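Two complexes are shown next, each including chain A; its partner changes from chain B in the first to chain C in the second.
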Partner chain A sequence: MSETVISFNPGDLIPFLPELVLVGGLLILLIVDLIIHRNKGNTIAAAGGILLVVLTIIALTGNEKIGAYLFNAVVQDGVTLFFRVFFAISALIAIGIMVSSFKKEGEPFILVLSSVLGMFLLAGSNDLVTLFVAIEMVSIPSYVLAGYKRKDPRSGEAALKYVIFGAFSSGLLLYGFSLLYGLTGNTGLPEMAAELTKLSSGSPAQIVGLILVLAGIGYKIAMVPMHFWCPDVYEGSPTPITAFFSVLPKAAGFAALFRLMPLFATLKPAYGLSGVGLITMVSALTMTFGNLGAIWQDSVKRLLAYSSIAHAGYILMGFAVIVSMPEGELYNLAVTAVLFYLVVYMFMNLGAFLVVDWVERHLGGDSIGYFKGLGKGNPLPALALAVFLFSLTGLPPLAGFIGKFYLFAAVVKAKMWALAMIGIANAVVSLFYYVRIIRDMYLHDPSPEFDNSEAPLKLGKLTAVLTLVTVVPTVILGIWWGPLAEWIKLRIF
Partner chain B sequence: MELTLFIITALVALGSAIMVITRKSPIISVLFLVLTFFCLAVFYVMLGAQFIAAMQIIVYAGAIMVLFLFVLMLLNLRGDQNWEVSGPLRKWLGWIAAGGVLLVVITAIQSVTGFNTELDPAVGTVSSIGDALFNRFLLPFEIVSVMLLGAIIGVVAMVKRKPSTEDEEEGGEA
Partner chain C sequence: MEFLSELIFWCFVVLTVGSAAVVVFHSRIIYSAFALLFTFVGVGALYLYLSADFLAASQLLIYVGAILTLIIFGVFLTTKVMSIDLPEQSHQRFLALIPITLIGIVILWVILQTPWAVNPAEAAPTTKELGRLLMSRYLVPFELASVLLLAALIGAMRLARYFKMEE
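And then the complex of A and B:
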């Protein structure tokens, strides 16, 4: 072995500060959890919230793009900088949603934070080994969180399905990695991309390796055909945890996909398959299956699960453009579109699950019947849910419209007409099932099992604040989106 | 000589792996799994990775399998339980799909001409592994420790007695 020995450089720890703060904070929270006995959940959640605020501030201020560091295991570039802020803020909202359900336990919050640490690493990973360890780090706490409602057999089923599917897709991912490693002899992502470009036109091993990698990552983002776990896990998990699942690990999967995009871009057309073709195909399949599946759902949690599959399909459209153009103006547009959409998706989806969780806590279920007539007795939460659902559909003047507009603009500019048409057709289909809930809330009388029109349900302070925190961006970003788009461009490029 | 050894070990590994998934009794499955792990250890030795071979036997064939057996005996699963959940059509579709994947992967691997078959004798030694873990892969190695901590917290949270969580779930008001 004649590998050049790189010595450890303590200065490398400075860009790693957010992760170090998170690890330190985690350990402190763990000790605090052992010492205190009363109000565990609230205390740990508050402390975790403060930790995440500190992290957001650190992540917002540190914006030096210094490239690879720590033995090239991680990289600090625009994508890392963006996702650090993104994960910190969305974890803050997710923890806020969890507080009402986990009052006496600190562990769920600690598990969420350790999963967030994995996401931070994933966004910065520059090496297949780091990438894989980070993915497992995101997944393992998620498995436990899915099964947290121990008295509910559906929760246990959710956890088991999540673990088994997770192990299976980790296996696929590793198999893909091993093929790519065998072809390139390196685990560093930039080195691998360079080696893969040198290969003559698409070797079958490269194609199979990349497909396996895409399948492994596709599990995290619930991409068709790796989406089977998604509705069951989302339905069975405690609703605040579902809110967390639907945004954070999914965005982490997209961060990983960002890191792997250079590898897919090396796939030259061979056997009727290219990197662009592959991503375009799964994108079209994902949004179509997601939207068609959502139409038949009775449980709102399942419906939102299918809708989150469809949204992964929309976001993958942006990736199709990114693969087709490794750099240039169109690439910049596509990257901005994807990240903008992720931010918008984060607010509207967390918000929707927040209201669903609130209804479920007060009325005891999440089937569509519980939402009937909600608009009469509880106008504010119903209005908020309507805003989120309209935004998820992509109707103007809400943020979802601008997000979709950016994505479609990138796809159309890349002249992928077929994909654009499928996307628009899907957006129309999605209107049907989102509006069904809104219609039930406003045009139907409450079902006889419970009458929520007489006495309005109690809206706690925290829920009210969180609703505002998610509604306001969903509305504001629909009419005044320039600053966010500019900020993303500033971070990334 | 090496080729004969490889073929014999590979056949045993494949056979026992098939036995793992076809046996009805979980205990027998686990025992065949131990055999599969031993065969894998032989492969590692043939590739010059003595350290990983030793780890394979100590950690997998030893510690993890003992845990498996413990859990199985505690659960007291009987071998005659019927696990059949799907009809014959699904079974055949499964075989066809698995066969297709196998075919594609074999074609893919056969197409590669540039695999480096020269073994570096130093690659599997303890010192070279330590070198890799504490230089190039220092960060992932350290992160694994945090990941394991997270896993431990998760396990403790799953099995510990809940402080009356369930009744507060009904009466939450925030």
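And then the complex of A and C:
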């Protein structure tokens, strides 16, 4: 046995600074929360928010691409840099949405921050073990957050469903990992990809292992057929938490998929299955199922849950292109498209949930009936929601259109005609259910059965600010998207 | 000697799978909990056959010693749990056989068809190398796991805490 001395390079901790600040801040927040009088969760939230801003700035300025570090367990490349900033900004907005609902406690914010820590590490994981622990770090606080309204049985149901599905898919993921490890004898992702490329033809363990890994990650991004938990969990969880779920853990799943893409790219066509074919198939299934499911929904939260499934399908189209082209111009286009879409999706989806949460807090429910006549008494929030919904549909001149345009451009350039056709058909179907809400808001009168009158509801300062923060990028990015696309390209390539 | 080793191996396999079947199929949760004990012991023994001595020891200490005790205490302390019969009937019992058989065939096919990256077993202590790996290659996940446990602890306390209905 070799007697090499473990040499630790303290310089390795510098790119790890955002994570260290987050852990340190988390512990301090926890202690402060205990010392300060209870019922002051808001102070904690504010502190947590500031902490995240500091983090964002650190992640934005001090870092550059340096490759693998800390004994090759983590890597810092363009994808890591992008996702860290992305997670920090979206966590800020999500925490902002939470402040109005969790006035007495600090724990939800601490749980959200620890979940964000898992996402940071997930975006940088270079090893299967790091990847798995990071995924659990994202999931476990989420289970608690889903069950936060203990008086509401639906919230308990959401938590239980989330846990059981989560445990099941973690099992699938680990089984897939173990098969891949058995093939390669290594847990480092680059080494594994190199070993898998050496295999002559697709071996059964490689195929089954990768399918299982895709299923395990697919649970996080609510990919068909691993989506069953999604509508129930989104409906039962407290709405601000649903807003968090619909963007952050989902984006974390995509970050993990980015890390695993080299493994999927090694899958050569065998037994009628290739990496590209696999992802194309789930992408088409996911968007079709999500859009068809959304049509029948009466609860707006459920509707947005199905819509988020559909959006995962659109983003997976980009991944199909990425797998087919491991490098080159098309690869760059597809990566930019996926990351751009994630940013756009973050703003419009958080914004939509923000308005839904506001309506729910004032009127007491999220059924589509509560939105009837919203445009008459409360023109501004209704307008904001309309903007988010049009953007989710992908209508110009809003950000959602540009996001979809980038994705479809990548798919068409990769000559995946069938996938492009399915995607466009889906975008048309989605118009139907998004517009249904907008029609109800503007063309219907308020119905007494949902006791919404034409009297304006109180719009808090924080809600107003957050609405602006989400509406402005949704509109601006639809007209002037160049800088963001350039910024992403600068980070990644 | 070879034969004896093989025989003991198969005994442990039967013990593991058999008790796991009891865990799944028994209708009383307390029987399932006790059957789990034998499953854990059997898995620990299988680790020994893979010359993973440290893993086997920690399997016994942590799973049998701690986690299982906790489960059994949980069962005892939960009121009325002794009288709850888990629903045995499932409507699609025989329908479920089809996917299960398919999955079983696929897993068997994978195991038999794959050229695994095999390491020759060495009957040497593994603790030193494990310690090295935990302090170098797997340092980040190792440390992250402690933060994960902290988050899980906070979450568990929040869910289990006594709460007033005013909430």
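Couple of notes before you dig in:
By our rule, the second predicted complex is superposed on the first by the 479 of 493 C-alpha atoms of A that agree within 3 Å, B and C clash if a C-alpha of one lies under 4 Å from a C-alpha of the other, contacts with A are read in each partner's own complex, and residues count from 1 in each chain.
Criterion: a residue touches a chain if its C-beta (ideal position, glycine included) is under 8 Å from a C-beta of that chain, and two chains touch if they have at least 3 such contacts.
Because the structure is a prediction, the values reported are computed rather than measured.
Taken together through their common chain A, the two structures put chain B and chain C in a clash. In the superposition on chain A, A:103 makes contact with chain B only, not with chain C. Of the two partner chains, chain B is the only one touched by A:462; chain C is not. In the superposition on chain A, A:198 contacts neither chain B nor chain C. Ranked by how many residues of chain A each touches, chain B and chain C are led by B.
In the superposition on chain A, the residues of chain A contacted by chain B and by chain C overlap at 1, 6, 8, 23, 26, 30, 70-74, 107, 110-111, 114-115, 117-118, 121, 127, 129-130, 133-134, 136-137, 140-141, 143-144, 147-148, 150-151, 179, 182-183, 185, 203-205, 208.
Residues of chain B touching chain A in their complex: 104-105, 107-109, 111-112, 114-116, 120, 122-123, 128, 131, 135-140, 143-144, 146-147, 149-151, 153-158, 162-166, 168-169, 172-174. Chain A makes touch with chain B in their complex at residues 1, 3, 5-6, 8, 23, 26, 30, 40, 70-74, 99-105, 107-108, 110-111, 114-115, 117-118, 121, 127, 129-130, 133-134, 136-137, 140-141, 143-144, 147-151, 179, 182-183, 185, 203-205, 207-209, 361, 458, 460-463. Remark: chain A residues 1, 6, 8, 23, 26, 30, 70-74, 107, 110-111, 114-115, 117-118, 121, 127, 129-130, 132-134, 136-137, 140-141, 143-144, 147-148, 150-151, 159, 179, 182-185, 195, 203-205, 208 touch chain C in the complex.
Within the complex, the chain C residues that touch chain A are 106-107, 109-110, 113-117, 119, 128-129, 132, 135-141, 144-145, 147-148, 150-152, 154-156, 158-159, 163, 165, 167.
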